[in-house]
């Protein structure tokens, strides 16, 4: 049984095919609208994530399939003490494919072990969010027509931001990408990620503000500092406004730079940028829907 | 892009066409069950309203379309600080049409400004609830075969009841309608509405109990006094039972009078009336479903 | 109008037909996937029950129909004081069939009285849960090829466990079944059920542990002790671990014994049994989905 728990579950070739399929779906959606007819997707969201849940739902509907599930764990059988394993085995009897969101690291991998249908990781705690990474890759490929030889800056919360970690790891698989990490010193990338980059001799540097950005960028990927990741409000307040993009501080944005953000955003990305030609964060949302369509089709097809 | 934020967004002619379309749909629903096939509706309910949400969902299903959304703001990205504008721009990437319920006045108009798909106002705070008005108009037209030359009484909470304000304003657009407002003195119609009626030389009077009702009625439209609109329980208790229809006090009901209520009801409309031939409040519910079907079809058709 | 409020609402013949239909649906689901096309099911869950709600939803989707509803009463009009009767009359205007879960005994019967579409009881308080019983009967029939001449033990919470009461009453309608009740003395079957068994001269005995089990079993039906049924934590703690199946204490399980559990489970049924050939509790889940499909089809067909 093939699942999608991390981006590594798809080879570079399969990823490329999936991205192209997503772009074809976005171009002529009517050609794909019955691919999952009479198939059912369960969206099991043990923690709320409206955007991701609606994206998966819209994707399944776009393939002609149906969706059932829950939005948070408060009203589920887990409240009655049921284990994740039992829930997954039960829901496997109801549907053809499962999208699982869970607050615990490793939950999706555990679920995949016991499910009798394909499982998609829709986010497990601070750990992974691989379909967001697929959305990011699809957007970059759509506008830059390549996933290698890119100078990519990440700005914001690089310590807890799982979308950053996932996307960096995915882009490390392609050749000659160069990374610039821009964050408050308290929110730098984890040591494990730094070690991976070093071990693979990948060019990267870490700076603490936009002024030190050494070069023009192909991609600027911004993220929000999430209050819920901090132990105290004081810790959060100390760093929350450290990074904010301003028109005055944006000389590294060329007309061809992609300005991306996984959303929702905070003050780090003011709405004044929304009308800039570089702003592609709503295109990311669209790409997310279509690459989830392509992923659902892939898993339904490769498991039968 | 055409939206439906207030009843004024449709001309009298377009409203008439919509009402007739809704009545045709109610008569032969099978003729319309694939009109929105492969189309998606988002029901974005930032405050709960089960009845309205289910009505929109049933309407979209009745056209062969699919539905996604949320039931309350507690589990949405707004809890993470996302603005309504960003939510609308995101959801515009997922669906073909949006029904928005929001606690703030003007939210639906703001959403329409940023949406790339049609927006239907499913209620914005105490302000407007225009699809309820369409349901009311459709019911009156269905049983009285006209929307003019009517004597219509409104009873209950005329101060905060947005369904009353909307329906009065809609009926003012038709000729020779006469209004009787029956309420506790603390719950009379707002001064702005009174000023509009006076400015347009429309015949109306305000009384405080059913005994003073001067005439037989074509329509009696009752509303519930809503506890949540009052600042203190004392304020609410003082007025909540001021208006109650009783069989003894109902000489203004002829066999042809329509007894309407937007529901849910309180003690103001006892269940003993449910078997009276005048009772049409469950027909209003049915009309609401079909006129929402007609509205969805109209907006999907007129925007492509 | 035919409803399904208790298992007695179906004759033995109709039940048998339904079970066979469910088994046919499980075998060739594609033959049934458009039976309820353009039909709508409302899942009105006034108390949460994710498993049951998802089962009904999956069943309706499996017939090609659509689903709408709510997951708990917190966000419904009942919070605005609406009666169940009004809710049912309103929702009858939206859908073709209703599945109702409600915390109060008798709620489903009351709903059926006022609904203009068929009502299925999806559980009313501690009282009934008849579609679980249909799932249990379907599973027993599937693997034992009969519903009579069975030795069936029930273990766990026999006092509050409504699935036990419903299944015992259903199996009493078939000939020559023999019951063994295994529970802590504080959780024995209710006196009313004992009186029914005695009045009908049905062979049964009550014991307090697995060691006293007098014979090998055709079926062992286990249930969880539910904390929420007890007035104090002390009362619950005193009995919660009284019954636990262990491999050492399982000589009454033959290779042909069915080990069943309505789930979710607690410690009474350790996961080590999941790989035993006797374990059929996930087959019960599957049977539940398909017998609900058959029931929905039956009620839609027999009411038109």
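Annotations for the structure displayed:
Labels for the chains are A, B and C, by order of writing; each one numbers its residues from 1.
Convention: a residue touches a chain if its C-beta (ideal position, glycine included) is under 8 Å from a C-beta of that chain, and two chains touch if they have at least 3 such contacts.
Model, not experiment: these values are computed from the prediction.
Both copies, chain A and chain C, contribute mostly unmatched positions to the interface they share, with under half of the numbers common to the two. The angle needed to superpose chain B on chain C by their Cα atoms is 120 degrees, rounded to the nearest 5. Chain C has its Cα centroid 40 Å from the Cα centroid of chain A.
Touching of two or more other chains is recorded for residues 66 of chain C.
The part of chain C that touches chain A in the complex is made up of residues 30, 33, 48, 50-51, 54-55, 57-58, 61-62, 64, 66-67, 71-72, 226, 263-266, 271, 282, 285-286, 289.
Residue ranges on chain C touching chain B, taken from their complex, read 38, 40, 42, 66, 68-70, 75-77, 79-82, 85-86, 89-91, 93-95.
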